[in-house]
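Below, each structure is written out as structure tokens.
You will see two complexes here that share chain A, one where it goes with chain B and one where it goes with chain C.
Let's turn to the complex of A and B:
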């Protein structure tokens, strides 16, 4: 198992290296962040001074290896605005982001798998059409707009739940529901297609022919075989959620990484932005690695191919 | 099945009609009998829409500067569609070219492109977009470039796989044996076979691009005044939503409706091109 995992691990490292290189090339080599930071009013002398201060006057190759070396050492640099390490800033927001992402993914998985399973069991019937429509709608609504509308109706209009910021559990409900719509929709569609495919397999028919009831066939034969693509997707969505909740956190003033990102943009804190991109990529690749391992546990056939 | 037969199946046709109407509105927006989308009338601020104590003068009401919501929505259609279409075109051409080349050629080219695709997909969209725009500044060109950049890998990944399996089919080695130049095999025989896939991804990506543009504009990183896009309208209207729900409700509905239509069309096309059950993904 460990040995079969090594190539996968090496692949993840290469992917990560390429990803941070792309991030570096796009964010640093493509333009001058200092000009964006200081605005049009800055004199050439001021610009030169800040460039020298940040080490941006050195050759790009030197900057690149410096950047890579820092990442390898786990040093994400120092924030331009807060003058503390970017890693500390990210760590301070991690718990809030994790809480929101976990709540959203739980809602998304429960609702999505339920919808998808119902749709697959009643393929072509009204239940199926309703489930598929709901999933499509979930993929089409901009989450931040849904969040605003939920605030208007549920928090401001009905006064049922608080509108923003973290606090008690009730603060978590609206942002978690908002953030769960996209994963819910994708998981529902994937579950549906995965189960309908498995339902057509000959072993399902033979299990039925042997007189097993629907519940037993679904639980023993279908669920296990249909789970792999769904687990993979859940992993992907979790990675996206951890870093991609920017707009939803912004709407609900949720004190997580997303809000840290929008603040970093507002203050033109470009070292922090870069740290956040690197952190997002690392998280994503790590989550996918974990997903691969989980899949190989669920389905022994995969182990050989890892 | 061909694109023409997709158009003949009823659900797909309905969505094409709806989209055509939207495109026509976007094109003829300047000659429509609507007020200037940036014309301010402070005495008519926050006029509610018709049916909610509003008048027919402003059918969908007005915003915090008294600008006509309907006129702004129509004006926003132009930019929203233009940005999405350009981004899809750029990403589609680049992504499809790289994907087909990687799948057809194999070898080191495939290895490099395959890894690039993986790496690109590992970078979180919003964060990457923010990082680029923070350095480059805001402009329409940057916005389209950023959207295309986060989108090309989706074409690359699927077309690479599709071309690979196509290459295993017997007709490709035969064409090669008959002395047909490689570029001709690719343009005449590979591309038509993967064309359906390109079209389906492109359609679904239109929705993704519209959502991406609206997110970035909402965060103040995309379209800015005096330009109008639906996402930018949402960003401006957010502060006033306690007094006037319509300022945020209508642009959001417009985005949802358009993206939903595009996604429905994409699904209908996927069903037509892919007879297997995977269609619904």
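Let's turn to the complex of A and C:
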């Protein structure tokens, strides 16, 4: 297993290197951060001084390898704005983001899988049409709009739930629902198509012909065979959500990585942006490795290849 | 394969050995697909008034070109798709109006073998685990035989048991499918093109297995095929289907030897290995090991 894991690890390293490089280039391609930090009033002398201080006067290649070296040592640099370690900043927001992502992915998986399974079992019937419409809706409603509507109706109008910021569990509900709609819709569609496909397989007819009941056929034969693409998608969505839900956190003033990203961009805190991208990429790659391992447990045919 | 006995010779005896008890009686079976009066769709009539019967220990063939309704007939007789009208009797008992739950019980009596043996096996389930599942669902029906005995009776070694479907050959997979049916001691086995996905060299062995099970357990077999040489090799009687209707039936030799209906004549002319003794020669390994 270890030996066959090696190519995957190599792939992961290449992915990370690409992400890290793109972060480095983007931070420098979008204008001079020092000039924007100091504003128009700064003199050329001041600007030069700060540039030298940050090491930005060195050749790009030198900066790049310096940056890579720091990442390898686990040093994500110091924030230009907060003057503390970027790693500490990320760590302080991690719990909030993780909580929101976990809640959203749980809602998304439960609702998405239920909806998709019902749709597949009643393909072409009314249940299916309703489920497909809901999924389409979930995929096309912009999260910021849905978030604002929920705040206006549920929080401000009905006063059932708080409108923003973290705190008790009730603070979590609206942002989690908002954040879950897109993954829910994607998971529902994937579940539907995957189950529909498996239901056509001769081994399903064969299981029914042996006198197995619907529940057994669905749970033991259909679910396990339809699970792989759904698990993969859930993993991808988890990776996306974990690295910060920028819009939803912004709308609900949720103190997570998404809000930190918004602030970092607003203040052109390019070391923090780089740190966030590196963190997001590492999270994403790790989640993917976990997905590969889970899939190999679910499907004995893949076991040999991992 | 250990002993390969001449199939053809066996059948000649088989005809006379059959128990006259009728296991399957299909009367005026009709199956329609996709009609919707609301949306003004005309239904496709896939099976249009088919009647036939099979006695214990008899192998009855169902032939006809693609789309003539053979598979639909099989699925409807096994109640895997709804019948539009007509009756199906299993051992004298009308099963056409059983509820799904009652039907699940009756399923151990009527088993199916499909064309694509790998497709008919859950890719994630080992042979042993699939047998265990059948045993769990039909506890009382399955304890007459051990897994090892079962494997031996379908001509497989017990080494197969821990394997996953992708780790066995097509011929082995088809034997596993037959074992999954046999473990239930069915009274009827419906085999829908059981050999057409298999290597020619393996086809004869699977047919030979089916006719051996018929001999040993008195199972009634409905063998669906578009290959007339297959039908000629193992079937006692044959029904010829065209566009959802049985156009000709009778003893295999007479139907294929002196076809009466123009469609049968055309079928016999057009399909390979159908005529006379050529058919026997077209099965390379039957009986000559």
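The definition used in the following text is that the second predicted complex is superposed on the first by the 298 of 306 C-alpha atoms of A that agree within 3 Å, B and C clash if a C-alpha of one lies under 4 Å from a C-alpha of the other, contacts with A are read in each partner's own complex, and residues count from 1 in each chain.
What we mean here is this: a contact is a pair of C-beta atoms (placed from the backbone, for glycine too) under 8 Å apart; a residue touches a chain by one contact, two chains touch by 3 or more.
What you are looking at is a predicted structure, and each value in this text was computed from that prediction instead of being measured.
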| item | value |
| --- | --- |
| Fit or clash between chain C and chain B when superposed on chain A | fit |
| Partner chain in contact with A:152 - chain B first, chain C second, else both or neither | first |
| Chain B, chain C and vertex chain A (Cα centres) - angle in steps of 10° | 90 |
| First, second, both or neither for A:59, with chain B first and chain C second | neither |
| Contacts of A:212 with chain B and chain C, given as first, second, both or neither | second |
| Which of chain B and chain C A:45 touches, first, second, both or neither | neither |
| Partner chain in contact with A:193 - chain B first, chain C second, else both or neither | first |
| Touching partner for A:277 - first (chain B), second (chain C), both, neither | first |
| Which of chain B and chain C A:224 touches, first, second, both or neither | second |
| Superposed model, chain A: greater residue contact from chain B or chain C | B |
| Minimum C-alpha spacing, chains overlaid - chain B and chain C, in Å | 16 |
| Contacts on chain A seen with chain B and repeated with chain C across the two complexes | none |
| Residues on chain A engaged by chain C in the complex (per definition of touch) | 201-203, 205-213, 216, 220-221, 224-225, 299-301 |
| Contacting residues of chain B [partner chain A, same complex] | 115-116, 118-120, 122-128, 130-132, 134-137, 149, 207, 211, 214-215, 218-221, 231, 234, 238, 241-242, 245, 248-249, 251-252, 255-256, 259-260, 263-264, 267, 277-281 |
| Touch list for chain C against partner chain A, complex | 75, 78, 80, 104-105, 107-108, 111-112, 114-116, 119-125, 133-134, 137-138, 164, 166, 177, 180-181, 184 |
| Chain A residues touching chain B - in the complex, by the definition given at the top | 11, 14-16, 18-19, 21-23, 26-28, 30-33, 36, 132, 136-137, 139-142, 144-146, 148-149, 151-152, 156, 189-190, 192-193, 196-197, 200, 240, 243-244, 246-247, 250-251, 261-262, 265, 268, 270, 273-274, 276-277, 280-281, 284-285, 288 |
